[in-house]
Amino acid sequence: MPEIGIGIVGGGYMGKAHAVAMSSVGAVFDTELRPRLEMISASTPMSAEKYRAAYGFKRAARDWQELVEDPGVEAIVIASPQATHRAVAEAAFSLGKPVLCEKPMGGTLAESEAMVAAAEKCGCVNMVGFNYIRTPATQYARQILSEGAIGEITWFRGEHTEDFYADPEAPASWRTEGEANGTMGDLAPHMINAALALVGPVRSVMAEVECIHTTRPGGEVTNDDQGQMMVRFENGVMGHLHFSRVATGRKMGYAYEIAGTKGAIRFDQEDQSALWLYLRDGPDAQLGFRKILTGPAHPDYLPFCQGPGHGTGYQDQIIIEAKDFLEAIRTGNPLWPTFRDGLDVKRIVDAAMRSSRTKTWQSIQPT
Amino acid sequence: MPEIGIGIVGGGYMGKAHAVAMSSVGAVFDTELRPRLEMISASTPMSAEKYRAAYGFKRAARDWQELVEDPGVEAIVIASPQATHRAVAEAAFSLGKPVLCEKPMGGTLAESEAMVAAAEKCGCVNMVGFNYIRTPATQYARQILSEGAIGEITWFRGEHTEDFYADPEAPASWRTEGEANGTMGDLAPHMINAALALVGPVRSVMAEVECIHTTRPGGEVTNDDQGQMMVRFENGVMGHLHFSRVATGRKMGYAYEIAGTKGAIRFDQEDQSALWLYLRDGPDAQLGFRKILTGPAHPDYLPFCQGPGHGTGYQDQIIIEAKDFLEAIRTGNPLWPTFRDGLDVKRIVDAAMRSSRTKTWQSIQPT
Amino acid sequence: MPEIGIGIVGGGYMGKAHAVAMSSVGAVFDTELRPRLEMISASTPMSAEKYRAAYGFKRAARDWQELVEDPGVEAIVIASPQATHRAVAEAAFSLGKPVLCEKPMGGTLAESEAMVAAAEKCGCVNMVGFNYIRTPATQYARQILSEGAIGEITWFRGEHTEDFYADPEAPASWRTEGEANGTMGDLAPHMINAALALVGPVRSVMAEVECIHTTRPGGEVTNDDQGQMMVRFENGVMGHLHFSRVATGRKMGYAYEIAGTKGAIRFDQEDQSALWLYLRDGPDAQLGFRKILTGPAHPDYLPFCQGPGHGTGYQDQIIIEAKDFLEAIRTGNPLWPTFRDGLDVKRIVDAAMRSSRTKTWQSIQPT
Amino acid sequence: MPEIGIGIVGGGYMGKAHAVAMSSVGAVFDTELRPRLEMISASTPMSAEKYRAAYGFKRAARDWQELVEDPGVEAIVIASPQATHRAVAEAAFSLGKPVLCEKPMGGTLAESEAMVAAAEKCGCVNMVGFNYIRTPATQYARQILSEGAIGEITWFRGEHTEDFYADPEAPASWRTEGEANGTMGDLAPHMINAALALVGPVRSVMAEVECIHTTRPGGEVTNDDQGQMMVRFENGVMGHLHFSRVATGRKMGYAYEIAGTKGAIRFDQEDQSALWLYLRDGPDAQLGFRKILTGPAHPDYLPFCQGPGHGTGYQDQIIIEAKDFLEAIRTGNPLWPTFRDGLDVKRIVDAAMRSSRTKTWQSIQPT
């Protein structure tokens, strides 16, 4: 089986998730291209060495530059702080190496645009890690929509809501500083990406973004607690998005509802193994939302599980992402979402921030 | 037991609901004041007579004027078409008779204002029949909020969504003509009323209202299929409302979610006997939304049911409304929602229509 | 409209429920035969008079004998204590008057048999008030089964579980004395009746019945807290039934699951407006239990409610029962469940008690 | 970090699951003892080599004997057909090597007893792979019970129901032959194990086991489609268990309900990230089953996931099992369930088969 040397930049939360995914994906999906855990880098050589041992890499890099340039590293996963995304990606692309970059792509719109330009100049595989989009349930939702099974879409509602800052007494931290760590910077991109994947490009937005608890034990809060936006998609569909880190009771409230002329879909990541589907396809007496448990009949269901209902977990999404990344490299067909898709998300976030300040609708220019 | 003569104007869908409620409420709630089904009127004397026999009234009136003026009619329920609401109400108030008026109050803002003026000049009981608000679940939600059990409210999301016009081939009818019969005129008032009852007055709105299927078999459609609005409540809470008659799969989607600093509430009329409550009140391991089945521990639960979980149905709400109307008359304490509350709802609907045209935020003047 | 004079024996909990039902049913269902609340009796003339005034009857009877014999009383509802059921029913039948008797029919098997004999000799309408069976959801479940939509039944599981005696400190009362008031006497008949209605006659049972908390504050407990039985239906289907008054967390746990070769059904009275249906009728990817909200497409849905999802409540079941009783009288076609069906239930309860003592399977003789 | 050489006997469905678990567990849980994928065996050397390459083992064994004896193999996972379990286990124990054996342990009761004897003589770690028991939700259920949070248990109901043979036209296969592959042999052990873990030892059972579809396309069916049993636990608790492969609509119906004097628990593997808990611990108005999403506050939640609600999948259970196996080896404290626990399960299955034939209660002798 052909192998490919993987280098992961960053060994924290997401670096670990990707490392485990790369060590499992070959066996799980019987991939044609098999990843080799070649090298890992971190903020210091010492922590890189610690991660190397913990995750089973062959070598630790002094820094990300060494990793990117190493000939044994043939594909790169960027899981380092957002401020480094652009530099790592540009270096990788200049060497023609495929990149899977954690979301959100760049710190600013300009940075994200530069990353897209570098990716497209290079022409190699470039993916953004909006991992929640990879569940079998949501992939199946995309399939239903593309097949027209629920007819023309007439409404989309999405949210990404959690409650880790719902308690006003929860102390300030790095999470309460900087736009990138606020709700719009950190949570919104996931569901905006889902909206784009499910309904299509967005034409304009009207948003409100706010910080509810402006001081917390330990300091001032300089970013946003929640935001909402009314959206118009290019295809004319009306929609609404809500994002919050103060949504008491919500733990992983990545959820959406889609109404169509012939049916409807509902999904909530808190029960990620189920997709709710309504089809107006029989006698009235028998119509209702059906709770479909994802299984072998759905895209990307783990072949581990012989039957449906065995359940997909968080880490499974990252494994599916790793499979798609390897397959994109093998075939040369970049899979969604690419850097350009990531840029679209970034543009919508930026327009929302602007709309909230000006209290006016903001257009999104198609990329 | 003291009695009161009830006159109902209109014998159609809602007239029947009120007639049944008035014939049951005394036994169900053991009310101190007992209704006597004195008189009913309709569009013609003949149909009034038909309703009289069907619902068990003592007499049929020639027209609403005769009914209002009849000395045996001591309290009036208005369940006739909206165009008649103002005239009937003014006539009743001029005679000092209490009124329970079906929603929405008046056809125009001016009409609604006139009705409030008449009610307040008269000083007698004046209620609007937003019946869904009367479920034990929603009354308990109001109690939870007033006791501060979920802390300060930080977010409200409400919807009233149904799908009776989701099919583009459903033919045009009286429902597809006239602003009063559109989604904003017909469905929105219910949930706007709930928002006011649960969170408080609204300061401003930013809305979109649209007709998706502008032609249907049988004719043009001249009113709206769906609408959404971002709202700011006077107390600073951010909110969102959505209304639709094309929400495929939704049958009685009168639903809301309220986040607070210490807890959260969720409700959906499609399972009206349950209220979902999250309280951050114990060890993390034990926190979760609890599904509370309404029962004797909750406001207005029907005393029929010895234990919880027996279930409340649509008609039960009208019976609860009848009980509250009788109690308001007996004690002289008008119960919520009064005509003034109905006017508040009307103002918000009007501002939303304006906002949708101007694409700007619209303020709501407190009444 | 033709009228019929109704006499209700007993004015307590169920007497009130039937009184309200009889006062509403004509308007609600636009019945061809209209009930007239003619007379009510109770344990004393004084309490009969109190009930008369409270529920709106024309007259109070001195005792049940007077009521049964009164010529104005043309149909009788028995809602008095179980010990009186037989005598009242026999008196009514001897005069050729139709009877709706609250469950459980007789205090003993012999009493129940005598009641069936009297009913069948008389030949007039005889119904037992297993009211939960009347929900639109369960009536629709029966229809699905009779149409073969889920194929051959392979499994039935039913329960009637509540928690009103779950707390060992809940004091002894009349409910903790006498077999008729135990779980097998009071709760089991409802779900056994449902099992018979849904699957058919029972051939044999193997049961366990037990009292968990044999003493409570205030006294000894002389009846059972819970019971379970494995059952074989005549058609060979395997089944299981469970009954409990100590099922903590359950409020109205009247619930069943039915598996068939082509589909499955689930129902829980705690959400009585929904029926869950699984049909193996399409591509694997789209299969799942669908949550059907009862509506106009289902049997006995209240015509009040124009659309589905408005919700059926406890009292609505009694109104549906009243409609069926009136219709049975009008047409002379006794509707299910008759006294004979009630006797079948009683025989199964008796066999279960015997099985629990002998620890052997007990056959049920078909009636 | 200290390492341990792992040998896996069998490379099919479960062999793969354990291989992936062993390659992930170190990174996922940061285990002190790290597994090294030393050797894999299969039915032929050729397929062993194929599995070696696919799963990343260092070496392929000619047969299980070579694997067990290899000095580099320090711990053994048995994932081969059940007929081989005993021989492999005895060989491993004779060399003092720890064993994790897939369920069900031995083909016969005698075989299982011999395996327990060998394990206990050896004194080394011996675990049975009832993997579903390892979800954070079920581990937390055990904790709740052991802390007495729901009081004294009064009722247990468990099921393991699937529908892979619900269609009578599904063809015969190896699954329809041999007691070990029937519902009692294959599915029942999982939920019996859960019952023992949650409530304690079983004293006696009364069971029914049946084959519904005795012929299928392709041949006769010689094992059972479904079974049920009433159980008495040693502590006096009444219970019921149901197992089926013909439960239409059920995909992974590993589900249980536990009632206690102070609370109740419900769980369904089809939504394995949730545990439903009812506590009678506050005002009546606030009581209800709460849906707890497993998270960092619960046992064995994957440290990957910073917050609750990220979701646990099927493979995650096997990783947790691997972690526990490694920890048992490191500390010398064999973790539940041991071979002795597996034998208890086997005894109950055997007694149930006997009870079904004799139609009498069967006692379970404590091991």
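Details
When the chains are written out, they are named A, B, C and D in that same order, and each has its own residue count from 1.
We adopt the following convention: a residue touches a chain if its C-beta (ideal position, glycine included) is under 8 Å from a C-beta of that chain, and two chains touch if they have at least 3 such contacts.
Remember, it's a predicted structure, so these values are computed and weren't measured experimentally.
Among the other chains, B has the CA centre that is most remote from the centre of chain D.
Counted by C-beta pairs in contact, the busier of A-D and C-D is A-D. Each chain gets one centre point, the mean of its Cα atoms, and the points for chain A and chain D are 34 Å apart.
Inter-chain centre distance (chain C to chain D, centres taken as mean C-alpha positions): 42 Å.
In chain D, the residues that reach two or more other chains under the touch definition are 250, 274, 287-289, 293, 295.
Listing the residues of chain D that touch chain C in their complex gives 150, 154-155, 157, 166-168, 206, 208, 210, 212, 225-226, 228, 230, 238, 240, 242, 244, 246-250, 259-264, 278, 280, 287-289, 359-361. Note for the complex: chain D touches chain A at residues 1, 13, 16-17, 19-20, 23-24, 26-28, 30, 53-56, 162, 164, 250-253, 269-274, 293, 295, 302, 304-316.
Contacts from chain B toward chain D in the complex involve residues 140, 274, 277, 279, 283-293, 295-298.
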